[in-house]
Amino acid sequence: MDQYLGQVVMAIGFILAILGLYGLLSQKNMIKMILGFSIFTTGVNIIMVAIGYVKGGTAPILDAEGNAVAKFVDPVPQALVLTSIVIGLGVTAMMLAYVMKLYQDKKSLNINDYKDLKW
Amino acid sequence: MVGPIYIIALALGLAFFLGFFGKSAKTLSVYLMLAGLAAMTCISGTWLSAFIDGSVSTQEIYTAGFKPPYSINLRMGLEEAAFTFIINLIGLLGGTYLFQTLKKAGNAAMSVFIILIMSLNVIVMTRDLFNLFVFVEIGSIATAGLILLDKESKALQAGLKYMIATGVISGLLLIGIIFAYSFVGNLNIDAIIGANLAGTTAGMVAAFLIVVVLVLELKPFPANGWGLDVYEAANPGVGALVSAAIGTASLFVLHKVLPMAGESFYPYIVAVGVITFVGSNLVGTQQKNANRLLGYSSIGQLGLVVAVIGLEPVLGTSFKFIAFALIINHVLAKAGLFWISGIIRKANISEWSVLRTKPALLISFLIFIFALIGFPPFPSFFGKYQLIMNLISSDNIGTAAFILIGSFAEGIYMFRWVGDALKNEVAEDATESLDCGKLNKVLPVLLMAVAVVAAGYLSIPFVDGAYSTYFIPLAFIMFIGLIDSFLPAVVKNVVSIAGMAYFTYVMYPIIEGDLMRSIFFGIFMIGGILTLIPGFAKKGKREGFYPAALLMYAGLATIITADNTFGFFFGWELMTAGSYFLIIRGKRSKAHAYSYMLFSVAGAYLILFGFGFAYQAIGSSLLEGLGEIKLLPTLAYTALAIGFMTKTASLGLHIWLPGAHGEAESDVSPMVSAVLLKAGVFGLMLLFLNMGDNGETILYVLGWVGAFTALMGNLSATFQEDAKRMLAYSSIGQLGYILFAISMMTTLGWLAGFTYVLNHFMFKSILFMVVGGIVVATGTHDLYRMGGLIKKMPLAFIAVMVAMITMAGLPPLSGFAGKWLFYNAVILKGWYIQGVIVFFAGTIAFMYAYKMLHSIFFGQLKDNHRNLKELSPAILIPAYILIAGIMYFSVFPQDVLQPINELLVSLNLGDTLTWAADGNATTVLSNWNGNAVMIIIVTTFALVLLYTMLITGKTKKLEQFNIAYSAERPFRPETTHYSHNMFAGLNKAIGFLVAPGITSFWNNVSTMVMDFAGMVRRIYSGNGQVYAGQIIVYIIVFYFIALGK
Amino acid sequence: MDKKFMVALLVAAMAVILFPLFQSFEGGTQLSELGQYYTQNGVSDTGATNLVASVVVTYRGLDTLGEVTILFLAASIISFFLSVSKDDRIENRTVMSVTEILSTASQTLVPIIVLVGAYILVNGHLTPGGGFQGGAIIASGTLLMFLANPNHKLNHTIIHVIESTSGIAFVAIGVIGVLMMDGGFLSNKLFDLGTPGEVISAGAMPLINIFLGLKVGTELSNVLGIFVESQNEK
Amino acid sequence: MDYSITKFLWSLLGLFIILNWGMLMSSTMRRVGARLAGRIGVPMYQPWIDLAKLMALKTWLSHGVMYYIGPVFRLVGGVGMFLFMPIIFGSEIWSNYSFSGDLILLLYFQSFGMLGMAMGASDSSSPHASIGISRGLAQFAAVEVPMTLAVIAIAIQHQTFSFNSIMEAQQGGVLNWTIFTNPLASIAGMLAMLGAMSHSPFNLVKAPNEIPIGPPTEYHSSFLSVLRTNSAIIHVVEAALFMNLFFGGADTWLMYIVKTFFVYFISVFVGMVFPRMKVEDSVRWFLKWPTAVGIIAVLVAAYWK
Amino acid sequence: MLTVLAAILGIAAVVGAYYAIHNEKLTAAIIASGIVGMVSSILFLLLAAPDVAMTEASIGSALTTAIFFFTLNKIRQTNG
């Protein structure tokens, strides 16, 4: 019955990623851009976990006696996602810090006002 | 040896340890950091030396105690050792350079710095895809952090743009990696490469995503606005790191991961690389901000290496050398330039003339610029030569052409920069902002300069045809360079002449048998020594003159003695560099030297392009290859011909010559004009000999070009008012003669060509030397301001008269030999109309020759020239030596021409000239006995002189104004010296021919290129969001082109 | 309006590119070769029942080390960058009054959260969780504390000390691993693996987890602290 | 290659004859010019008297070394042209020193005299001299073009530059003179001859009634005598050159006298009829018609035969 | 059954994301992105990935939203 779980979640992941990308590229407000970016990262994380999902698999934790019970989900993508979530946090925190300092400088959140470096 | 894993442990341990220190003990923590970096450099250094002397093989380093696919492994091979060593070295030197900034920024910045360097090491060594992603992420966050070292608003904006761009890229990389994992089953790079990921369409998309992200990390054109802002806003020390260390690491990563996308993907990477190289260099030509210009240049250089990586299957065995030579050259030169920019802190490149106050910095600046463009003796010269050779021999002619166009575009802004540095005036307050007092800032720069030259020397064994003997003259020049700023010019002159003489003595045996080469060798070397002698007349130190002059002559000698295309090209580039530094010394010669350099570099690249075909023909770089070119011979020969013709200033390629020779210093002009132009002639002769029958049309066209050049050169000389420009135009005319003669490819034609080469060398050096001396003495270039100098400088008059008679080709002197051979050659060859044009040019030559003689020596002596004395012996002695040469050639033409005739017959150009014992030369058409003509004329002259003296008796000299001047007495000499616009009649009649059509043509071309570059530059609108959009567009376009869905 | 349309077009094109990837995925029927290996002998190799934790901490230990460095980087960059110098910092800014419920609840909740975090930390190798999750929960504890009492001054020196010691310890474990057996960087065979399921088992994994948790916890709270302190700049 | 005294003496004798014949022709020309203008003109022996007077006058005035040597150069130019061209076709004694060179040597030797005059005049530092020189050189350059074209056309036709073979090709009857065998080249040549002789339409350079007479303004007495001797010789030698090229050369002295007289008078008659031209007009004229004819001549000679 | 639940949660996440991007008021947008984070952590749970769910919940939604609010507050304060 959870025949299509993996594919549905994957689809959601892709949609979120696309939406995040759209938000990043279309919004003028810098905070909105970073929001888009964090949604994009969340989408990517969903895709990564969905890849590892095995139909009817359970969490890769063995029970107390340490013997395998049923089909397991693939642990590797989960390990990778852990790292990518924390990276996402690090990058978002850095971007927000930039935005705070930039705001102090020019009192505007609009990305088009920060065009000192061109050509 | 210490395991490479300790690099990671050491760096991280140190970074976390620095966390302890908080706000206190900043100096200690910086020293600690530098110690850590030094340790890392030693580790990779020991591994590198172990690999070089072969005492160890490639090592796999496992982590977590398990075999690779199940855990992450690092690899330490020769390449990894070399790359980590470069990165750590740059890190160490970068750290010392940023000592003060890091100290002020606190130990947080220090740990960020050392983590950045560590992450680059791991990027190079790791064999696991996800691990690569993590450390690439560390690298980008650390860079974003280091950008903020200066904390002003521009850095913030650059940082945000950088974060947004890298964020988007790493998100896509993650998708690529996870899908690659799901198709292949594990994350090890070697396993994924083995598993033919690109088989299925989805697999191809995953591989595409991974590779395109790694390409985007290298900031490809046009999606690299964000990269450029980093270079502009960041502290130059950080810029050096980004361009040298991070660039190198990402290049290695691309090389490591590229096989994943399969063999069919390589051409697209080549396309990306070439577009970036040409695009960013072209746009760079508009750039005025120094750091941003360095950004453009480093992105261009990285693009070139990306193209080389894409060409791996084509380049075969020499791929490793080419890639490494280009990278090492980029790293050393670019880091050096960034550091210099950090030291002098001038945003606009036109203010870089402050470098002249610091000779050491100036020299390293010049070394870096010439290394970047690919001049000998730097590694990029070897790399670019080998690259073009391999490219053309594997039929990638288009790519080779684009790469050369890109390097030419780079030359455009680099030479403007050098011109600004050498010639702009230095503002008084400019030197305060310099902080080159601190050793830790200047030392890395000097180290880089030495390293670049050493790397050049080390790359000799890798290129077919490169011998270490080419470096001997350079060592001597460096020695002269060292003593340059201490000794007076006289001592240096003696040392250089002695050096030249010894060098001639050493090099002569190499070309003993070959008459053609020994003639040119004689011209270059003896000419060199003679043109150096006038240097004794100059006082003061003349810094920079002697190294440049010797560099030029070394280049000329190497051209002659080289037996392969590499040696020839090596010499050619040395000569160009040497002559550039000589020409730019003139007071108003900045623009002229710039146009000279652009033409020479374009010509040099055309020659290199042509040599590629020779290499393709016989698989090695021997000069004989020129003969056997089978692939597109006309294209190859035309490229070579145009390349050489930039040096002989034929019509269309001549606009640099008048300014370059006219404005050069008084003793530089003879060197550059009489001696240097012969290099182009030697090249053309070499080419024509090897062209064989498929050169027919080219020779015919060159015949016409030669004829028109002769006409235009002489005509424009006639209407010149500036003495040295007139001589320069006359050189164009004379070389038009030579080109016309040798393109006839008959014995008589070549004999005429040789006669002209010898004559031109002799009379042009006399003229330039003497007229140069006069120009210095009278202080003006304008002919009509001189006059009546025969009374003050009789010896100079005689020298100029003899030279003028030879130039005009009047019978007793050797000039007539050339004319006579011309007549016969033209009639025998059948080029009648061109022949007539050349003869008309001959009579015009007589006219401007006379105009010069008349305006300078005859007419009224001006008041301010009354106190002039005879020219200094330093000018007259070489002039009279040359006059002796002319006299010998005129009286005994047979001694000179007969051996050449035999040589030409042996080169099977036809046997149409016979020499009788008594010196009578007869062809099927006519005869001429130079010896007899001289005797008859001399005796007649003596008799008639005797007769005139008999009937006139003793005479006394009249004063200046005692002339019958339409019955009134002239008061001021200026009003009666009629020399301005002397041939007004002729000018009215055919002056229209000489309208500067060609100069305006070249101006239009350059403005068109500049406008195009300006228009393309608009894409960098400065908006971070647009940059991210550009990245997405780049991926989409690349996808649809590469995978053609 | 055309800018939004252009961006939509771009994003649609990206979707077209990524679609084959999505199409190729049929919901995963069986484990990949790597996953197979880990599930079969994950326990025997590392002695930990939580396979994800074993992959994170031992098999791909270098990733985690990289991960920690990223957090350390982010924290130190933000601290160096947002730090407010002494003179222009207002001691305690006027703040909207904190509701009664929040302040009393936080007094009881914060210790419990930290306790839960500690628990997850300690048996990270048995039950789901581990270094990251424990640290994150501790950090959310500090977050709650900041919300409850915004003018609370974080003692940065302690934070730095804990952070650095745990970092150095982490690296030290790695180096000891290499000294013990070559290729053993961050391997957990330093101590005997013990019986799976026990708290003291799986070699050095619990130790690594603890250091990891401490480091992540302190770093995240440090980041939060900086964000809070930067509020009271003039 | 014999430098024997006999050859030298014969050449000297030839020179003496040419000199007298030159002066005779110039006096006849002046009488014809006078007759046209309704005057009787000077007595036939007038040139001899002038020459004797000038030679006798001693002068101590000189503007400098080159001023002194200028006329020497000029005379050497005239004499040299005489020496390098055979007078009588076929005779060994009257072939002067023509063994040492041929038509090319002669073409270029013309400018030797020109250079000498120019240098001498310049050194006299009088502005009129300079104006004269620049006019002279410009015109000479323009004349040179059709002359070279004619010479090349003949060289192609006869495949030689040496005088003897050109003359030899024209022997045997009037019809194979170059005038008839190669009419276009001859026309170009004769038009160039008008310029070379610098008679009336193109005599702006040394025109008698311009402000002081061009280059030789500052010359006087003995220097002028040297120049006068030269101008006498040069006229005959130029005429002889065109005779050899186009009118079949002379195999006896009588033929030589008649033909040179005839060639000389062509330019005189043309001179009498046409007014004097400005330098830029003459340059334009020379580079228009004669050059066009010359080019056609060369093309015809090269590709048609 | 799980798939249906996942689908509902998915739609909620997508709507939340769309709302987060297109909403004018920043606070609402940030809260929406917090919700997206929360929903994604539940999805992870459905995919039998407890560790990831925990991390996502604590870091992905809680801390990220906190930082966003701190920045927003700072901006409002400097502006005010």
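Letters A, B, C, D and E mark the chains as written, and numbering starts fresh at 1 in each.
The criterion applied here is as follows: a residue touches a chain if its C-beta (ideal position, glycine included) is under 8 Å from a C-beta of that chain, and two chains touch if they have at least 3 such contacts.
These numbers come from a predicted model, not from an experiment.
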- Item | Minimum number of chain-to-chain contact steps, subunit D to subunit E | 3
- Message: On the document's contact criterion, could you list the chains that touch subunit A and likewise touch subunit B?
- Response: C
- Return the chain whose centre of C-alpha atoms lies at maximal distance from the corresponding centre of subunit B. E
- When the contacting C-beta pairs are counted for C-E and for A-C, which pair yields the higher total? A-C
- Which chain, with its centre taken as the mean C-alpha position, is closest to the global C-alpha centre? B
- When the C-alpha atoms of subunit C and subunit D are each averaged to a single point, how far apart are the two points in Å? 108
- Item | Distance from subunit C to subunit B - Cα centre to Cα centre, in angstrom | 55
- subunit A and subunit D have mean C-alpha positions lying a whole-number Å distance apart equal to 101
- Note on the structure: Residues of subunit B that touch two or more other chains sit at 130, 134, 137, 141, 144-145, 175, 179, 181-182, 187, 1029, 1032
- Item | Touching two or more other chains - residue numbers and ranges from subunit C | 7, 10-11, 14, 18, 25, 28, 32, 34, 38, 50, 52, 56, 59-60, 63, 66-67, 70, 73-74, 77, 81, 128, 132, 220, 223, 227, 230
- Numbers and ranges of subunit E residues touching at least 2 other chains: 49-52, 55, 59, 63, 67, 70-71, 74, 78
- Taking all chains into account, which pairs touch? A-B, A-C, A-E, B-C, B-D, C-E
- Provide the residue numbers of subunit A that touch subunit B in the complex, in ascending order. 17, 21, 24-25, 28, 30, 33, 37, 40-41, 44, 47-48, 51, 76-77, 80, 83-84, 87, 90-91, 94-95, 98-99, 101-102, 105-106, 111-112, 114-119
- Across the complex, what residues on subunit E touch subunit C? 49-52, 54-55, 58-59, 62-63, 66-67, 70-71, 73-74, 77-78
- Task: Name, in rising order, each residue of subunit B that touches subunit C in their complex.
- Result: 3, 5-6, 8-9, 12-13, 15-17, 19-20, 22, 61-66, 69-72, 105-106, 108-109, 111-112, 115, 119, 122, 126, 128, 130-131, 134-135, 137-138, 141-142, 144-145, 148, 151, 175, 179, 181-183, 185-187, 200-203, 205-206, 1029, 1032-1033, 1035-1036, 1039, 1045
- Message: So in the complex, the part of subunit C that touches subunit B is made up of which residues?
- Response: 6-7, 10-11, 13-14, 16-18, 20-21, 23-25, 28, 32-34, 37-38, 45, 58-63, 65-67, 69-70, 72-74, 76-77, 79-81, 156-157, 160-161, 163-164, 167-168, 171-172, 174-175, 177-178, 181-189
- Message: So in the complex, the part of subunit C that touches subunit A is made up of which residues?
- Response: 3-4, 7-8, 10-11, 14-15, 18, 22, 25-32, 34-35, 38-40, 42-43, 49-52, 54-56, 59-60, 63-64, 66-67, 70-71, 73-74, 77-78, 81-82, 127-128, 132, 196-197, 216, 220, 223, 227, 230
